[in-house]
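Two complexes follow with subunit A in common, the first pairing it with subunit B and the second with subunit C.
Presenting the complex of A and B:
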């Protein structure tokens, strides 16, 4: 049986709900800090799948959104590309 | 050299490209998918007027119109970065770098899931994936499916799956967690569905739409909500049941479901297993704004628009010179709105490029008014408070970015 603690949130980096919740509760951290501590959102898809879930968990633990800020920063490349593609300007 | 690069060949991007090209600009459109149309390609539904909305036909119409105007459409290309240099924008793609003075970002929306234990099993997909498999790729999703999550998107796609002869066994809610939030509260769901009830094109939302507007009747309605659910075109909608786990060894075999109280809290000892070979999770949509973000565009969190949206004016400019947005990146709405917005963005670009005759201002005004008309006549809104969200953005723009005098210089 899979319980909710073992439920995967970030599929790329295989980070569970339990790991995220305990880290968020322990450090009362920002979404960015939660990402850096657990690697959630740092995988192949660039957080496209788990970003909303992570935002919601942080909102639950620390409800103070700054409307002008995106909690998890976007960084190029926003799609998976090879080193060759990024390194070389054609 | 080209004047405009449009990112995204959906309804907003194609409409934008068409109005740019119609005003004499050279346009290149880029899209990740193998053919143009974006989310239009999955849409098929009956309007309240009885007419059918066939997204594939709409996409073909836009594609042909763009072709006639010699718009250069390139499919199967991913944009991974967007950078400003002087008065130009560099668009980095997996097949090289393109440059233009104007960029229209029309990247649409992405789905977000509601994680459920077992959701990584093969056979679990987002509701939008089921739509793409069915209507775009014409692949049968499975023999018997369960939808987790009850929202407008889920109902629209349920209808499409039913039209294709795909068997959806039932719709249940997700279990209440900090992530699922309101999506797991029967009363919240009831409220949002009732707001659409008077406009519902099919009998799906007509249950009690008229007499359940008062809080106490709604509570009573939920208390006595039939255990087997209310049928939506033959599929039971079970607001008092929550998916606790998706089960299966190598693939989906079923869903473990528990009864809940009116607040969505699980009633211990009430679990049952329903068999299924596929599961669709309907979380919702959020504006896919990655490229506007890496370009350095300021953002605002507007829940009525679906989340963080790039700051933009009514004529679809952003605070960054030469960067425009249109479609679901500015807020979650229908494809028709996206087209109307794309048209505005295209005219806006043409105006800044000094194209169009003396009537361009008037055309732009009419196009902005057209967005409002389309919105007013829309059968169903993804967010019933969309007007409030649009107004918030308008105010924000007026306060922070509108530059009265400078604007007049640009017109000339």
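Presenting the complex of A and C:
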């Protein structure tokens, strides 16, 4: 990997490792705040690809991470559904 | 059609009925009971869609249905996973297009 900075962590929102790292270091933020600031984990796949790496990154940035820190939430709907399947009146 | 016809582990592909389907106004041939993603890959088509925001080409990633990277529009139904949907005769598949993000552009211009 030539340059780890532009390695894509979140495929759906195209958030790179460099962006995540700089935001995390600059704001000393938790996983949730990092998600809110960079949209990593808010994409179509619902964080399936990048949830773990975002949680792991926080431990690296904030060494005194308390276990009680809330990890990334599973936002419903867990799987993308169309409005038709949810509310269509046949 | 480029397929592994004689796999060292799975053995030979037995001759199967051909089914034709349409992807972006071009007709392709596929084996029966094959997924759209596999059929397109066999026909040399790897780009199933583009990223809605930046337009970068996207295709098969997990191929087991949970990364949603292979979502295409099948017979008018958008966001169906190509890696899970089996090809049927005369299926019309359209690739994902780049979508305009008007609000973001407005915010950027301010």
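The rule we apply is simple: the second predicted complex is superposed on the first by the 76 of 90 C-alpha atoms of A that agree within 3 Å, B and C clash if a C-alpha of one lies under 4 Å from a C-alpha of the other, contacts with A are read in each partner's own complex, and residues count from 1 in each chain.
Here is the rule we go by: contacts are C-beta pairs under 8 Å (C-beta built on N, C-alpha and C of every residue); 3 or more make two chains touch, one makes a residue touch a chain.
Quantities reported herein were computed from a predicted structural model and do not represent experimental measurements.
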| item | value |
| --- | --- |
| Partner chain in contact with A:44 - subunit B first, subunit C second, else both or neither | second |
| Partner chain in contact with A:85 - subunit B first, subunit C second, else both or neither | first |
| Touched partner set for A:77, first subunit B, second subunit C, both or neither | first |
| Comparing the two partners subunit B and subunit C, which touches a greater set of residues in subunit A | B |
| First (subunit B), second (subunit C), both or neither touched by A:11 | both |
| Overlap of the subunit B and subunit C footprints on subunit A, listed as residue numbers | 11, 48-49 |
| Residues of subunit C defined as touching subunit A within the complex | 51, 53-54, 56, 61, 66-69, 71, 77-79 |
| Of subunit A, residues touching subunit C in the complex | 11-14, 44-45, 48-49, 80, 82 |
| Subunit A residues touching subunit B - in the complex, by the definition given at the top | 1-4, 6-9, 11, 17, 21, 46, 48-49, 51-53, 56-57, 59-61, 65, 67-70, 73-79, 81, 85-86, 89-90 |
| Subunit B - residues contacting subunit A, complex | 32, 78-82, 92, 94-97, 110, 112-113, 115-120, 175, 177-179, 181, 245, 283, 286, 289-291, 293-294, 298-302, 307-308 |
